[in-house]
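Each of the two complexes below includes chain A, the first together with chain B, the second together with chain C.
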Partner chain A sequence: MSAAGALPGGPAGGELRRWQRFTPLERVARTGFYLFALLAVLWALRTIEIIPEFLYDAPHQTVDLFARMWPIDWSWYPKVVHAALMETLHIATLGTILAVALAAPVALLVATNITHSVILNTFGKFILVATRSVHSIMWALFFVAVFGPGALAGMLAIAVHSIGFTGKFLSEAIEEARPGPIEALKAVGAPPLAILIKGYWPQVKPAFLALAIFRWDINIRESAVLGLVGGGGLGMALDTALSNLYWDQAGLVLFVIFVVVIATEIVTTTIRSRIL
Partner chain B sequence: MDASAPSLETPAGNDAGRSLTIRNLRKEYSPGKPVLKDVSVTIAGRGMTAIIGPSGTGKSTLIRCINRLIDPTSGEIIFRGQDLAKLRGKELRRARRRIGMVFQEYNLVERLTVIENLLCGRLGYVPVWRAWLRKFPAADVDRAFHLLDAVGLGDFANQRADQLSGGQRQRVGIARALMQEPDLILADEPTSSLDPKTSVEIMELIAQRAGERDIPAVVNIHNVELGRRFADRIIGMSKGEIVFDGPPNTLQDSDLLAIYGGQGWLE
Partner chain C sequence: MSAAPARRVAFPPNWPARIGALVLLAYVAYASTILDITWARFLIGLEHGQRFISRMFPPDFAPDKIELLYNGMLESLQIAILATVFGTLISLPLGIAAARNLSPLPVAWIARLVIVIARTFHPVIIAILFVKAVGFGTLAGVLALTVASIGFVSKLVADAVEETSMKQIEAVRSTGAPFLGIIVMGLIPQVLPRFIGFTAYELDSNLRNSALVGIVGGGGIGATLFTAFQRFDYDFVLTIVLTIIVLVMIGEIISGAMRRLFQ
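Entry: the complex of A and B
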C-alpha cells in the first residue's frame, strides 16, 4: 500500500502497528490440538479391525443380499406384516402419549421459574437424564423381562425412554415463557394454578405440540426395531423373517418401514408448519 | 356496570379509608445499597398522582412494592385497613385483586384472544376450574364486553392479542385492570412504548376511568408534560428519595433540575 503513510491517524514514527488474531501461546495450543485430533483418528482406525477379505467381498455380498430379497413377497403383507405395522403405530402413539403425560410433571419440577428449589430441580433433571441415557432397546429388554414379550413391553420402553427428551425440551419451553404476562396475572391476584393454565400454558402450547409430534415421529422409527428384542410390532416380523432366512419377507418388512418413516415425516412436517 | 356509576356514593370527606399510606418504605436488592430510601407518602383516595424521575431511581420499585410484585425490605404500605407489606399467600392475592396494574409492555397473554385477556382480570375471583374450562360467570363476560366497548375495542373481542397495535394492546391492558373492579390503579410507564398521540389517549383513558370509579391512580411516567397535563399531583423522585411533591402548576424548572440533575437539557 503506497498510500499507507497518508492514512489519518497513522503512526508518527513510521512503525506500523500489527494485528494478530492469536497470541503465540494460543497458536501453540491450536497446533497441539490439531496434532492430538490426528493421533486420535489414527488410533481409532487401528482399533477397528478391518478384515480385508470381508471388505473386498462387501460389494458382492450387498448385491447378493438385495438379489435374495427380490422379488419381495407381497403376499406376506396381509398375513403378518399389516398387523405388525398397526402394532408398531399403536406402540409409538400410546408410548408418546404416556411419555408426554409422565414428562409434564417432571418438566414442571425442572423448570427453575416454576420450582424454586435446587434440590427438586436436580431431582427432576436426574429423572430426565436417567430415562434418556438408557436406550429404548435396553428399556425393552427390561420390560420384556418384567411383562413378557409383546406390545406392552415395547410401549413402556418407548414411553420411559421418551421422558428424558420430552421433559428436557418441555422444561426449556417453560423457562423461555415471557415473564411479563406471568407478572400481570400475579398482579391480578390469580392463584398459582390459574397462572400455570392461563399464563404459561398458552405460551408453551406451540412448543409442546411440536415436541410431542416430533417425538412421535422418532418413536415410530424406534418402535419398528423394538420387536428384535421382543417388544412387538414390525421388528418381531423382521426377526421371524431373518431367523427363517426368508429374505423376500425381510425385504417386505424393510420396505414397509421405509414407507412408514417417509409417511410420518410428511405428516409431522405438515402439522408442525401449521401450528408454528 | 358500576364503572360508569356516578361518584356520589362516596362523600368527599370519607377519604381516609380509601387512601394509600406508605411509611418508611425501603428496598435493598443487595444489602446496604437501598434503591428506595425510607420513602413515606400518602396518596389521597382519588385523583391521579404522577411519579417522575430519572431511570433507575426507584419509581418502578416503589410502584411494584405496593402490589408486592417486589417485596420491600422494610416499611409499611397501608391500604384499606391492611398493611400490604405484611400480607402473604391467599391474603396477598385477595388484596392484589383490588389493585389494577397497567404495564409498559402491556403484558398481555399474547396467544389468547382479547376477550380472554380481559377475563384474566377475574382470575383472582373465579375458581380455577372455571378459568380452565373457559366457563367464566355470565356477569363477568358481559362486563368484559362492556369494558371493551368503553375502551373502543368492541370489534376486537375475538382477535388474538398479538394482532393488535401497541395502543390497542394498552387499552386491553387497562380494560383487564378495570375488570378487577379495582380500588386503586397502578401504572408503570404505561406510555413509554407508544407514540405521542396514543400516549395522550392512554393517559386520558386511565384518568377518565379512574375518575369514573372514583379511585386513585398512581402513574410512573417519563414524559413530564403528560404528567403535568393529566395528574393532580406530581411526585419527583431522585436516587430513591422524594425530592418534589406538589400540584403540577407548582413544578418549576429548578425542581426538574433537582429531580433529573444536569443543566443543558432544559433549554
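Entry: the complex of A and C
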C-alpha cells in the first residue's frame, strides 16, 4: 500500500519507474509531524514531576486499597446508596431532556438551510463549542456556587454541557434533510412553523431519538461523579464515604456505578437496535 | 391500511407519540418534585448567579496568577501527552487481542472484559483510586487518563480490526509468516490510518480530562482551578476557564489537522 514499489520496463535505459502514494509535500508534513510528536513526548517525559517515594510505595498502597474495600459494606445500600442512585438516574434523565430542549433552538440557529445568516450561524456554533469545551464537572462547580449544592446544580451542569454535543449532531441531521418535502410544503403555502413540524421533524426524528438516547447513556456516567463537587447523586455518597475513609462503603458505590453503567449500556444498545 | 377510508386525512393524529409526550411531561413534573427543583429556587439562584458573574469580571491577569496558570497548563499538557502515548500504545495490542476474527475466543473475551472495566468508570473515579495508590500529583493523573484512554481506544481498535479485510492477512499467512509478521505486515497497514485518527481524538479528549483529574488530586490545571474556586478567587477562575477553552480549541484544530494528514 504505502511502500514505494518499482516496476520493470519504464522509460528507455532500463530506468525504474517509482510509484509513490504521497506527494513530496505530504511526506515532509508526515515526517515533520512524527518528529514533532517525538519531541513532545520526550519533553513531557523529561520535565514531568514524579515523587519517587510515592512510586516506591505504590504496590503496597494498592494492595491496602483493595484490602480496605473488601468486604463491601452491603448494609449501606438501603440506608444511603439507593436514594443516591435514584437521584443520579433522575439527574441524568432530566438533564438530557432539558439538554435536547435547549439544544433544539441552537441547532436551528446553526443549520445553514434554516437560518440564512452567517452571523447567527457563527453565534450558534460559538454556543455549541463553548458549552462543550467546559466539562460537566466544571459546570457543576459553577452551578453549585450559584444554586447551592444539590441535584438542581447537577442537573443544570449535565444539561448545559450536553448542549454542545446534542446541538452539533442535531444541526447536522437538519442540514441533511431532503429538500423535497420542504418544497412541497412551501408550495402549498405552509407557515414556517408548519414546515418545521411537518417537513423537517419527521426526517430528523430518528436521528434525534438516537442522539437523545446516546447522550442519556453518557450522562448517566457523568452524573455519577458530579456529586464529588456537590452536584448530588452517587458522587455525593462516594464523597461522604471517601472523606470518612470508609473504603468498604466507597467500594459499594463503585460497584453500584459499575452495574448501573453496564445496565444502561445494554438498555441503550437494545433500544437503538430496535428504533434504527 | 387495506380498506381505504373515504377521505384521506393529510396528517393523521399520532396517538402513541402524543401519549409518549404526556408520559414524558408527567415524568419531568414527578422527577422535579423528587429532586426539589422549584421555580423559586431557580430565581434565588439567578440572583446569586448575577453576583457570582460580576465577581468574575474582569478576569485576573496578575503576574503571579499567570505563573500559576502557566505551570498548571504545562502540567496538564504533560499529563495529556503521556496518557495518550501510554494509553494508545497499550490499546493496540489489547485491541488486537479483543478482535474476535484474529485472536482465540477465550483471549478475546478476557481482553473485552478488561476493556469494559476500563471504560465503565469515569476518569475522575479512576483518578481517585490512583491518588490513593500513588499519591497526589501528576503521576496519578497520567495513570488515570491512561486507563481511561485504554478503555476508549482499544474498543475502537478492536472494532477496526474486526472490519479489516482477511485477504491481505491470508496472503501474508500463506508465505509462512509467523503471527507477529502477520500482524505487522498484514494488519497494521490496514488499521494504521484509523488508529492515528483515534490517537488524535484521544489527545483531544485527554486534554479536556486533564483539567478534571486535578480536582481530585491528580495534578495539572484542575488542581489550580479547584484551589481558586475554594479560595473564592472567581476572577482567576474565569481566567483559567477561558485558557482551558482556548487550549481545548487549539487541541481540536491540531487533532483535526492530524486526522486530515493521515486519512
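Heads up, the rule we're going with is that the second predicted complex is superposed on the first by the 240 of 276 C-alpha atoms of A that agree within 3 Å, B and C clash if a C-alpha of one lies under 4 Å from a C-alpha of the other, contacts with A are read in each partner's own complex, and residues count from 1 in each chain.
Quick note on the criterion: a contact is a pair of C-beta atoms (placed from the backbone, for glycine too) under 8 Å apart; a residue touches a chain by one contact, two chains touch by 3 or more.
From a predicted model like this one, the values you see are computed outputs, not experimental measurements.
Colleague: Is A:Trp74 in contact with chain B, with chain C, with both, or with neither (first, second, both, neither)?
Modeller: A:Trp74 contacts neither chain B nor chain C.
Colleague: For A:Ile91, select first, second, both or neither according to whether it touches chain B, chain C, the two together, or no partner.
Modeller: After superposition on chain A, A:Ile91 lies in contact with chain C alone.
Colleague: Mind working out whether A:His135 is in touch with chain B, chain C, both or neither, as first, second, both or neither?
Modeller: second
Colleague: Tell me which partner touches more residues of chain A in the superposed arrangement, chain B or chain C.
Modeller: Touching more residues of chain A than the other partner does is C.
Colleague: When the two structures are overlaid on chain A, which partner does A:Phe126 contact: first (chain B), second (chain C), both, or neither?
Modeller: neither
Colleague: By the touch definition at the top of the document, which applies to A:Lys198: first (chain B), second (chain C), both, or neither?
Modeller: Both partners, chain B and chain C.
Colleague: On the A-aligned overlay, A:Val41 touches which partner chain: chain B = first, chain C = second, or both, or neither?
Modeller: second
Colleague: Mind sorting out which residues of chain A both chain B and chain C touch, each in its own complex?
Modeller: 198
Colleague: Spell out the residues on chain B that touch chain A in their complex, using ranges where they run on.
Modeller: These residues of chain B touch chain A: 67, 69, 93-99, 101, 103, 105-112, 116, 120-121, 123-125, 128, 131-132, 173, 176, 180.
Colleague: Mind pulling up the chain C residues that touch chain A in the complex?
Modeller: 11, 24, 27-28, 31-32, 34-37, 41-42, 44-46, 48-49, 52, 74-75, 77-79, 81-82, 85, 116-117, 120-122, 124-125, 128-129, 132-135, 137-139, 142, 189, 208-209, 211-212, 215-216, 225-226, 229, 234, 241, 244-245, 248-249, 258, 261-262
Colleague: Under the definition above, what is the set of chain A residues touching chain B in their complex?
Modeller: Residue list for chain A touching chain B: 180-181, 183-191, 193-195, 197-199, 202-203, 205-206.
Colleague: Please give the residue numbers of chain A that touch chain C in the complex, ascending.
Modeller: 1-2, 26, 29-30, 33, 40-41, 43-45, 47-51, 54-55, 57-58, 61-62, 65, 86-87, 90-91, 93-94, 97, 129-130, 133-135, 137-138, 141-142, 145-148, 150-152, 155, 198, 221-222, 224-225, 228-229, 232, 238, 242, 254, 257-258, 261-262
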